[in-house]
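Sending over a structure as structure tokens; questions will come in a sec.
Order as written gives the chain letters A, B, C, D and E; numbering starts at 1 within each chain.
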């Protein structure tokens, strides 16, 4: 293969399609899908080498949305980086905030009051509902449904975003959690709104499943497509629903039991084939488990302070040292590695993004499949470019 | 889950010649790490992954850290008997020492099989200019493939043994390494007449006379609708 | 039997089609320009400076130009220049006021950290989102005059929050007055004692009444 | 208008009377010419309008299914939307790629539209409302339909773009592999009706069983199977939802229409809708009893109204399917045609043969005849269906 | 009526002639389609609707596809056509075969006695009788035609696939 001159600055003669002569297969077609392509979920580019319909090679290229979030974090205070974590995985800002807060609390040994832990669990599970609903909608849109499941998913997403807006002030950029608790204490009627949402969510999921899960065309399009073996998944650091779809029982809410997850009983669904259908089903079953957690958490949320009184808002200087905190985000294990040297700015601030690492196996899953399947496999990996490129 | 010291001893027993030491972590999380030499790094990693009691099969996070030269001033207090027989004076001698800078790659390893917590490995380069190679652990865990490419892209650490070491976030024609402490951002600057702070200084430096094309702000400042 | 999944799917779409005519749950579109969206009270967009009353905005600005928000703002979009002279604030104390207070709304991301760190409750979050302009630079740079809005406006957009802030401020003012009164009383007592003891000493002039 | 004329005025014969009134005062040789021109004008006008409002109906129904209003800004409830789209298509710049074969590039949409409109000649819209009374009407219909592949090939080849040619090949593969079940599914109707003339087929379906059940072909076991196969194949022929591969945007390429813009693209769009209307019209004629009234006491409603309502319900069915189903891959699509529809259509021929040979059975044997016919339809469907979807099916998940 | 006859005849012959002359294979293949449409028009003019529409359907619908696919699959770059005949024996062979075919055609035309000039009333034959005729006495002919068509298509594909591999080498 010729030298890799696909960088945006290198002059591109004509369209991004080049004939590549491979002695083994004769005429191969090298096509660049993206960065501006309707089905690549944002500025993500795949350089696909096709033998007719079959994918022979697939090279993901990203970095188009790279704004070096980590360099910015090194020049602002610990608190100043919190609003930027909303922009990492812009679908799940609450879980990003929580992951960052946990890492800083580990770094500085900051205790968190009971009520704040419950509120954090509630918001994380609501974000999981939101993310998995959106994914199901986008995946079916890639399969070719003309927008119907996506619109149903967005109808439910609006209800969740209204909840976030009435609590934190902004729909997607919540900037809600602080080191040692949360910024605003959820009022009683907010909690009633959350209870109403979780009770009705089961009905929406049933309707969604009758439309999609039994659909023969979807089964034909997604079963057996993009299968991933458990050994490769573990070795490639895949985490989240994509890992559990291959049958590996690894859910940080059970393994690390961070926050107050140990007080709620919920189950972790596991797949058997690791293909696109399993990833879709695992996310739907996880939504049902999240509803169970939410109902228990909303029922037993204690009163008390939302913020640790001794937590310092400004002038926050953790002692020198380092810490790696991680939580089970909707897309997988999102972790923050912080090295502090005693100054108000972190010395090194590293985000461990789940979708970035999950993309390692994209080529392994797409080899041998048709180009139409490669689009669906990418959809099932559930990437958000803000988190992949940081 | 064994403490880093126990793991170090077992490793030293297993790999006699290797230089393995524990790097303490003063933060309350107390996640101490193991500093490995370059030669045995890959074997040690493979051993950590396959050892029945550890089974660290998931490499969750690979990070690069840049430690530039640091001037360390060590003040040692020593009591010097006063020649004139008076009370012994306490003399502070300051020894200035330049600690050579280096680039460091940190691996956080977890075990999915046994579910226990992070074992942290640290690999350090010789210095920050020419000896910037570190053995890559991608052959042991494929999870490191993209993250090690990111360390190469943003820090300039050359990971030997990596199957496809290219830039991953920046475009290939990019020369510098942005995440190093001594990285100077390119001064490509578009006219923006915001009249305050460093943006103003930058504007003055670039455009002593503001270009005529600057849009003329409408005179009447209508207050935004209340 | 092959095809039952498809038929059930058709059933769901039919139910939604029919539902969209009678069930408000299934007809979620708000036709924006005609129907204004109902904003929750906690909604925040760009910050604004609180003034005590509307008549003399520049005179009763709560902000004392302490520049904490300028330091804490993550994207550094606030620019403050202190005034040379002082002016009395609500509780009568002589305070510096900001000669220049700019917020570059093209940079601001409405993260409300400035509101959180402001010790004087001088800056709060606004709820205005229709601020499109034709000019990319000056129109988006809101100056002190455009930022200043009366406390009554603050009470109209964030009622509960405003009530709580006013309560706290009133309590602080009352506490400050008692302290001032107590200090005045103590000073008066000390002055009386000093006057009573050495008759010859000229009594100190009493401090200006608070 | 004299009283006698008013008396004989019945809605049923209104169109025929209007035509006679118009051609009445013309000399003999010109009457035939004006008559056919009038028929052409009426068909073009009515189906042109139907096309316009079908695009609007599609977007409104799709909107309502997705809990949103659909276009409602142009005119009341968006009624002027089709004309707005028409003006937009007209004013858009028509880009022809440099290397394209200009003649073929222009000819492709025109040919596609011409062949689609030609198929309307034989559709029986009413009791005596058929443009051309042909003895081999159905054969003419599918002959005109078969030429659309030619136009698709021309479009793909003339765009001088590797993608378009690749997509044209895939579209041709789809059209050809669904041509077979389409033709095989109407053969039983010809076997029972005994004639290729569309009016004859509709007359065969008149009359009522037990006083109120119409004798339509769809209400017989072989007829229902034939109808189902015909509609699935019609979906594929007109590139509609589960088979809309050529215009799949999430695929690699935008199909053989990539290099078309402006009014030529609108022509392709129009040809697709005309094709869809023609196939629905033919389905109504073959299986749903053409312009027959469903119940005896509804006879007073004119026949062309019945034809229109049945065709509209089928068109709404097309739109309903488009709202719900995802897209099949190219290999699944062709495998579905060759391994599922064609065998079922052939078996359906056997069922119809059994049905027509046993038409003499009465009483108890009648029920046996129905049961055997139904069995002949359902059992192969189950067997082939299970073999087709081997390995696919709902899954159960374990919890850790 | 002769005007209509002459028009159709002219279109048919012109289409065939131009098809022969054109260098662009695709254009000539499409012109061939006009030729077949012309023949279908003849049938229609003669009142045999069934034959006209089956001609339209079979030729314009299916055989044109076969021709176009064959042209596409065996599309070789123009310069690899061999312009000059290989050897004299080939030329003589070609002429002999051409002459033989011409002789047979003229023999058949001359021997068949044309009906008297008055066009006999077109026999009103309904589709049902046509069907039974086709399935009865002429069934064998129908089956042979079907087999020939399939053989040609499979042959085209085989030639194309072998050519494809061969042509793949010399020009990428």
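As a working rule, a contact is a pair of C-beta atoms (placed from the backbone, for glycine too) under 8 Å apart; a residue touches a chain by one contact, two chains touch by 3 or more.
Since we're looking at a predicted model, the values are computed, not measured.
Under the contact definition stated at the top, the chains bordering both chain A and chain E are D. Among the chains, the centre nearest to the mean of all shown protein C-alpha atoms is found for A. Relative to chain B, the most remote chain by averaged C-alpha coordinates is E.
Greatest Cα centroid separation from chain C: this falls to E. Comparing the chain pairs A-D and C-D, the larger number of C-beta pairs in contact belongs to A-D.
Look at where the CA atoms of chain C average out and do the same for chain D: the two points lie 65 Å apart. The distance from the centre of chain B to the centre of chain E, with each centre set as the mean of the Cα atoms, comes to 77 Å.
Here the CA centre of chain D is 31 Å from the CA centre of chain E.
Inter-chain spacing, taken between the CA centroids of chain C and chain E, is 87 Å.
Residues of chain B in contact with two or more other chains: none.
Residue positions of chain A touching 2 or more other chains: 148, 152, 155, 211, 213-217, 219. The multi-chain contact residues of chain E, meaning those touching 2 or more other chains, do not exist; every residue touches at most one other chain.
Touching chain C in their complex are the following residues of chain A: 76-77, 79-84, 148, 152, 155, 158, 162, 165-170, 173, 175, 183-184, 207, 210-217, 219, 313-314. Residues of chain C touching chain D in their complex: 1-3, 6, 9-10, 12-14, 16-17, 19-21, 26-29, 31.
Listing the residues of chain A that touch chain D in their complex gives 17, 29, 31, 33, 38-39, 50, 53, 140-148, 151-152, 155, 211, 213-221, 223-224, 249, 251, 254, 267-273, 277-278, 281-282, 285, 370-373, 375.
Listed in rising order, the residues of chain D touching chain C in the complex are 61, 64-69, 320-321, 323-325, 381-382, 385-386, 388-389.
Listed in rising order, the residues of chain B touching chain A in the complex are 25-29, 31, 57-61, 63, 65-66, 106, 108, 112, 115, 117-118, 120, 141-147, 154, 166-173, 178-179, 183.
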